[in-house]
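Labels run A, B, C and D following the written order; every chain starts at residue 1.
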Amino acid sequence: MRHRTPKATVPPDPRLERWEAGAELPLLAASLVFLAGYALHVLVPEGNRFVRETGLVAVGVTWLMFLVDYAVRYRLSRQRPIRFVRTHWLDTVVLVLPLLRPLRVVKVYTAIRRRGSRARLGLHARVITYAGLSALLLGFAGALNVYQAERHAPDATIRTFGDSVWWVAATLTTVGYGDVVPVTVRGRTVAVGMMIGGLALLGAVTGSFSSWLLSVFAQEGDDEAPGE
Amino acid sequence: MRHRTPKATVPPDPRLERWEAGAELPLLAASLVFLAGYALHVLVPEGNRFVRETGLVAVGVTWLMFLVDYAVRYRLSRQRPIRFVRTHWLDTVVLVLPLLRPLRVVKVYTAIRRRGSRARLGLHARVITYAGLSALLLGFAGALNVYQAERHAPDATIRTFGDSVWWVAATLTTVGYGDVVPVTVRGRTVAVGMMIGGLALLGAVTGSFSSWLLSVFAQEGDDEAPGE
Amino acid sequence: MRHRTPKATVPPDPRLERWEAGAELPLLAASLVFLAGYALHVLVPEGNRFVRETGLVAVGVTWLMFLVDYAVRYRLSRQRPIRFVRTHWLDTVVLVLPLLRPLRVVKVYTAIRRRGSRARLGLHARVITYAGLSALLLGFAGALNVYQAERHAPDATIRTFGDSVWWVAATLTTVGYGDVVPVTVRGRTVAVGMMIGGLALLGAVTGSFSSWLLSVFAQEGDDEAPGE
Amino acid sequence: MRHRTPKATVPPDPRLERWEAGAELPLLAASLVFLAGYALHVLVPEGNRFVRETGLVAVGVTWLMFLVDYAVRYRLSRQRPIRFVRTHWLDTVVLVLPLLRPLRVVKVYTAIRRRGSRARLGLHARVITYAGLSALLLGFAGALNVYQAERHAPDATIRTFGDSVWWVAATLTTVGYGDVVPVTVRGRTVAVGMMIGGLALLGAVTGSFSSWLLSVFAQEGDDEAPGE
């Protein structure tokens, strides 16, 4: 998802690459702080107002960081706004819906891990890791959001965070028991996003696993062929 | 889905191609008017009779346009009726069940967009766009139809259009919570169609996304290989 | 699923091939009569005893034909019993559970149709046709069987044949609303078979459709390449 | 899943290979005894205390065997603990959660069967067999575990072992009716594991079946090509 250089006449500012390299790690940290702050805000009991508001502040501050990063990159890219939004559509979506940020977090995490580790993972293992981790983080963010939307609804069936996690697992795997389901408009809107995103991510996991299993068995067959 | 020239002895009328080229855009507009008219008819409260009937008129007029187009193309093709129906089975289905028309709308839309845009989408992106847009439009048409069928049923669980949309999302993704389900024969018949169509379309989305992710990661691996 | 010639020392009787060729059409007819008879027996109201029993007789007679065919083929194959069962496992399963016979019916139907039709279907279309028709026939047989098992159960939710068809559609597509579900042991046993079989068959349909869509779009891209 | 020789400076003890070859069959037997003992412990009525405790003893003794095998292999591998755990992650997971052992059982079973049988299964058939058997055994273990967790919960819907098996089938195939669902934290935790594992395994079955069907039909087309 590295953005291909557009065929614009104006080349991007050379400082863009430096900014992107330097901002990677702070933004990764900010993403995790964002998620942690949001989790604090949602999960800490209402009595403990100080912690809840601290979480909210963390969410706000980190979101400002995302905004600054986006603005700086827009400036340094020297592109027209519409073109920038189009070539950076994932960044734009993630700025507006910061709970989708895990999609980028994992990317960065993968980059870092790869740099440090000697034993490279195979292709299928990397796709499974990426899609699985994204699904995990998106599922956590979605469970928080749906829980926040549902817990005060009068006829809600999702009443605890545990219910919400249980619902997320059944939704992402498309099992969909329906014993607990969102009933509010906001909860259902998030849910539809989770269904589609989860379907795609878990489809990738399943497909890769299937291909990997096939390749393992195919290899095994080859290994034995001469020995027979 | 362009229809291959059949091996009939009589060649199609040369005016056929001109007609098809010229009718493409008006039919696209008609399809959208059809869907909008149907939406108006279903969603506007019963009190506002004038708007509802206007919607119905739009549905009727545009459907007549579809019929005329079908008849003209049959005439110009110089084929026997059975052969024409067989080589144009999608057009025939879409004529009888005009709510399936989105399958063609998206096709046309793709054709237009492709002509104008420089940056061609990759193969997987095109399949995802086509299947995703088809699923969206079919889902919208299905939600309208099921809502119309269910809203006056005595023991219905789908009572608002919001419920219907929620049900469609859960159905197309095969999550299937079952908290709201159609209970009328007509609603269930539409539902079975949605299950099958949605399964195929979303299977295409999932499969393409999975392939695309694999190709992105495979490319990444190649890019790094020399630099390591 | 044509059975490869086993590496047995005794070659099969030359009359085997003649038998198989000659029995194909009568067995196809018998399979359809079997299914129709079973449908009559299950769906005709209990008052109309004569029709119900006629259905049962048709079931019995056709099943005897299957048995004779199996025995003759075993004889002519000149194989030991265990080997014959192993190389003809599908035939054996279908003999014991004749409601699975659609798996063979469609096969024959495909063979016949292919012989007669000039316009050969593409690979993906053939797989979709085969798997889709099998799913349809198996679904019908399963709906009959589950309806028969459930209709007199005290706490059943499947009370009409329509409910049963609706349940089958939701099961084969793995949507699984759960608004109507089997509650008897027999109904649930059939249901588990339908889940697995349906999953595999519809997985084949979905996978083939996805591949076909990809190939259509890939071809389209190629067609345009020179014209750009 | 044979562990590739790590690039460590110290080679593994030559006795390691002998141990692994010799321990394969006893461990396979132990795995089956483990599962049988656990089934006895869970399924035998509470009154029959002797049999239940015998089952528990079998579980404990066999688990000790797994521990000894793990320890011996760690010793003979001459690897540092962290590296050993990383290169044998599947063995480690299976040691901690012995109900996942079927994943290994089937592996061994496949190895044995392959040695003895002349007629080699095709690639797709092997993957389907492996994934299908794993799903079956994992499903059985999961049904036992969830039944144990749920049966005394006050508002449980899974009350009999039959319910539990029914729930497992609906979960592994992602049908997810939701008529019976776990309500305890332990039951739901196992359920989430089953969803993910089952999704992957059945995805492999479905994908392989789809590929196999495509290859059968493709071959058929080739066979006929010259004869036309």
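By definition in this document, a residue touches a chain if its C-beta (ideal position, glycine included) is under 8 Å from a C-beta of that chain, and two chains touch if they have at least 3 such contacts.
Because the structure is a prediction, the values reported are computed rather than measured.
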Equivalent interface positions on chain C and chain D, same or different at half: different
Centroid comparison with chain C (C-alpha atoms), farthest chain: A
Duplicate of the B-C contact set - from A-C, B-D or C-D, the pair where over half of the pairs recur: C-D
Centre distance in Å when chain A and chain C are each reduced to the mean of their C-alpha atoms: 43
Distance between the centres, which are taken as Cα means, of chain D and chain A, whole angstrom: 30
Chain D: positions in contact with at least two other chains: 170, 174-178, 206-207, 211
Partner chain B, residues of chain D touching it in the complex: 174-178
Residues of chain A that touch chain D when the two form their complex: 162, 166, 169-170, 173-179, 202, 205-207, 209-211, 213-214, 216-218, 221, 224
Touching residues on chain D, where the partner in the complex is chain A: 1, 114, 123-124, 126-127, 130-131, 170-171, 174-178, 181, 185, 188, 191-192, 195-196, 199-200, 203-204, 206-208, 211
